[in-house]
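Pasting the structures here.
Both complexes shown next keep chain A, but they swap its partner, so chain B is in the first and chain C is in the second.
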Partner chain A sequence: MAGLSIQAARKSFGDTEVLKGVSIDVADGEFTVIVGPSGCGKSTLLRAVAGLEELTGGRILIGERDVTAFAPSARGIAMVFQSYALYPHLTVFENMAFGLRIAKADKDEIARQVKRAADILNIDGLLDRKPAALSGGQRQRVAIGRAIVRQPQIFLFDEPLSNLDADLRVRMRYEFAALHRTLGTTTLYVTHDQVEAMTLADRIIVLRDGQVEQVGTPRDLYARPANIFVAQFLGTPRMNVVPVTVSGATQAALADGRVIALPARAAPLAPGTRLSVGVRPEDIAIGAAPGALPHRIIFIERLGGLATLHLQGPEGSEPLACQLRDDGSLVEGDVVPVQLPPDRLHIFDTDGRALYGEARE
Partner chain B sequence: MNLRRWSITLLAALVTLVTVAPLLWMLSVSFMAPGEAAQFPPPLLPKNPGLENYRTLFGTFGIGRFLANSLLVSTLATALALLFTVPAGYAFAKLRFKGRDATFRLLVAALVIPGQIGMLPLFLELKAMGLVNSYAGALVPWLAGIFGIFLVRQYCLSIPDEMLEAARIDGASEGQILRQIVLPILTPIIVTLALFVFLGSWNDFMWPLIVLADQDLYTLPVALAAMSREHVQDNELMMAGAVVTTLPVLLLFLALQRFYLSGLLTGSIKG
Partner chain C sequence: MSAVGRWREARAGWVMSAPALAAIAVFFAIPAVASLFLSFTDFDIYALADSGNLRFVGLQNYQRLVENPLFWKAMGNTLWFVAFGVPFIVTLSLFAAMLVNSRWLAWRPVWRVALFAPYVTTLVATAVVWRYLLHTRYGLVNYLLSLFGVAPIDWLGSPHASLPAILIFVGWKTFGYNMIIFLAALQTVPRELEEAARIDGAGWFMRLRHVILPAIAPTVLLVSVLTVAGMFQLFAEPYVMTQGGPAQSTVTILYFMYEEGFKWWNLGSGAAVAFLLFLCILAVTLVQLRLARKGGAI
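Our next item is the complex of A and B:
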């Protein structure tokens, strides 16, 4: 096993620069998820690590080896594709054995490796079947099995769950986590699904427009997003962000003129400074309190245990989303007092960068 | 409902009869005595079925030689066509190289030029190369049919790139990918193409007539045409010749029909 280091990776297709100098380090054995909106370059980055795309600039190191110029098969990686990419004319066994056969491995060795992978994935009963006779989840397992058989130093996953139905996706997510615990192999996993990223990753890398926005543990990224993009990309419903103007040492005025309290750690801010204040829907509290702002409930999404309230303040104010336990007592049209707890607020400057005590200069 | 089914069956039977009747009569006449088919009304079945016509064909006219010639030319044409068109079609669909799409567009544009227009320049070219009056000359037009390349390319486009990339990661060379992954997937279209080329070269009359001067090199259609000039009134003999020409390809078609049909349907059915 080995770690992975991507250094200043650049990739252009014609005039379009897809990767604009991406540097990432993945520690040995770590499960790292690259997440970002479609078109952010995350799949290109993964394919570059696999050797399926040639970089325009930069280096890729696996362990201590510079593999930038290596063929895909020489890099010590295995990749699981979104479409599974199984060979349709070969049986499950032959699919999994293909790489070893190409490498002219010993017959017994091939059988042993395939058996081992099939045992891990509980597909030993399917080895004689063709891919067409398998369900989506089974195909996914075979694709993973094919990767395991290669005994790679690094697993690469390209949106492996996006073709599965919601139910199966949840189960496979759990299995991915279990698989990583069993094998302990360094893993780079690409997805656009922030839930997958949050639940699977040791570390998340948020990519946008070919650049790294932030790297950190899921908890880190959620609690201390570096900018508005990351703040809004992780978490559903997404974080509310409203523009404010500093009006005192620890207070600011909303667009409609009402005043809210800012967290003490934000101080000191010069009055008149324009900022954005972010608050996660689950951090908003409903109930009478000093400083609470009346909002009308314009729509309620009831999810069973939880409900999302869509709130509208007076003319000129930004709508807010608020998530809370649904006791059925609230109805659309009600006007409720809304509290924005100061210690739960995220403060961003006009460029969208987060202002945290120590990071603020 | 029942009536509809009956009328469809009846219609199908009629169409079948119209299609098959000439073939069956051809077979029947080939067993008749000389002059028997020229009577009026023409008899459906031979009075005294015999193999006399076939004996004349294979004995006096030595049609066995031409049958062998045709088999050789068509088999070689098919093998060579597959050898060149299948990799070419795959390359045009899946490999990245400079000028790929421009070259392909040029090829497809050339499809609209009738083959007859190319015959004279091709003949002169082959003459310069010293290939006139040889099987090599007869085979040249089949080497890389644009239609075949087009057919294979279109089919290859439906192979997902990710599958080929998976094979690359598995360590397969481009040659191994073609042989072990692409060719098995292409089987239906390869059978279809083989059948097209075999039928086309088997039935081809014009080009072998132009390029083959030596009578010993004649293929069946050319030999049969030469024969019919002398024996224009010998219907029974000509029919036996037609049977010898038609039967092999008919049997080939029936044997490969299953693949051929699945090849034709592949474009329309996903996965």
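Our next item is the complex of A and C:
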């Protein structure tokens, strides 16, 4: 096994620059998820690591080896594709054995490796079947099995769960985590689904427009997003962000003129400074308190245990989303007091960068 | 549904399929049955003038064919075209399609048009050009071969070289059509499959063998069946290039049928040739289908 280092990777397709100097380090044995909206370059980056795309600039190191110019099969990687990409005319066994057969491995060795992978994935009963006779989840396992058989230094996953239904996706997510615990192989996993990123990753890399927005543990990114993009990309419903103007040492005025308290750590801020204040829907509290702002409930999404309230303040104010335990007592049309707890607020400057009252990169 | 309702529905079905059925009957079924019938008669130019001269002769036409050495010569030539021409043309078309489908090729649309162009050019005009290209002393083909030290070949004048010469011309003329069919099929091969094979370390040939060919197998079958039928019915190329010569070395079954029917006006005998040709094509196509089914292509 080995770590992965991507150094100033650039990739252009014609005039379009898809990767604009991406640098990433993945430690040995780490499960790293690259997440971002579609078109952010995450799949291109993964394909560049696999050797399926040639970089326009930059280097890729696996372990100590510079593999930038290596053929895909020589890089010590295995990739699981979104469409699984199983060879349709070969059986499950032959699919998993394909790479070793090409490498002219010993027959017994091939059988042993395939057996081992099949045991790990519980697919030993399927080895004689063709892919067409398998369900989506089974195909997924075979594709992973084929990757395991290669005994790669790095696993690459390209949106592996997006072709599965919701139920299966949750189960496979759990299995991915278990698999990584069993094998301990360095993993780079690409997804557009922030839930997958949050649940699977040791570390998340948020990519936008071919640039790294933030790198960190899921907890870290959720609690201290570096900018509005990351703040709103992670978490559902997404973080409320409203524009404010600083009106005192620790207070600011909303667009509708009402005043809220800012966290003490944001100080000192000059009055008149324009900022954005972010608050996660689950951090908003409903209930009478000093400084609470009346909002009308315009819509309630009831999810069973939880409910999302869509709130509207007076004319000129921004709508807010609020998530709380649903006891059924609130109804649409009610006017409720809304609290924005100062210590739960995120402060962003006009460029969208987070201000945490301390030096940050 | 009531009996009347069912009858009405059936009638509507027949009425709606009638135009297509009529076209099939007029242009295929009736001529086919009629020519089978004619093959049992001595239908000739006199019978054409007065159908009273038509006599039923049983299997006499077939018997005379079987005893005619030229018929067997023509059959042999045709089978030569099937045996060598089908693999040659199918392979050529497939490689041409892979070439114009590859991502690294610049000016792909231009290449596609250029390679497809022979198929839509006039046969007679291109035959004239090819007669020059294949000329023993001044032809480009012999010139190119001479660069590799090959002595001049009398392509259209030697009974040994005439069949390959015709086949080269036929291949050049028809591969563009098959290429387009293959190109359409190649574009449906999932890119991820090829990429998975590259990661597995498969070289070009292994990817062809394990990814591309299985994925386009039904198209390979289609093109082979079409090419087999085309080779069995080869006529125009030998007709314009060599008129069956030299020494009848390029007489094909269809050329033989044409001479029987329209040169000597033995239309009954020509019909018998046509029917035998039909049986040949049917037999070979059935074998192809069986092989394809066994190989899982369909």
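The definition used in the following text is that the second predicted complex is superposed on the first by the 359 of 361 C-alpha atoms of A that agree within 3 Å, B and C clash if a C-alpha of one lies under 4 Å from a C-alpha of the other, contacts with A are read in each partner's own complex, and residues count from 1 in each chain.
Keep in mind that, in the parts below, a residue touches a chain if its C-beta (ideal position, glycine included) is under 8 Å from a C-beta of that chain, and two chains touch if they have at least 3 such contacts.
Here the structure is a predicted model, which means the values were calculated and not measured.
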Based on the superposed arrangement around chain A, label chain B with chain C as either clash or fit.
-> clash
Go through the superposed model and pick first if A:Y356 touches only chain B, second if only chain C, both, or neither.
-> neither
Looking at the overlay, does A:G99 come into contact with chain B only (first), chain C only (second), both, or neither?
-> both
Please work out whether A:F229 is in contact with chain B alone, chain C alone, both, or neither, and reply first, second, both or neither.
-> neither
Check: chain A residues flagged as touching chain B and also chain C 50-52, 71-73, 77-79, 81-83, 85-89, 98-99, 102-103, 146, 150
Across the complex, what residues on chain C touch chain A?
-> 190, 192-193, 195-202, 206, 210-211, 214-215, 296
Name, in rising order, each residue of chain A that touches chain B in their complex.
-> 50-52, 71-73, 77-79, 81-83, 85-89, 98-99, 102-103, 132, 146, 150
Residue ranges of chain A in contact with chain C within the complex | 50-52, 71-73, 77-79, 81-83, 85-90, 98-99, 102-103, 146, 150
Interfacial residue positions of chain B with respect to chain A in the complex = 160, 162-163, 165-172, 176, 180-181, 184-185, 271
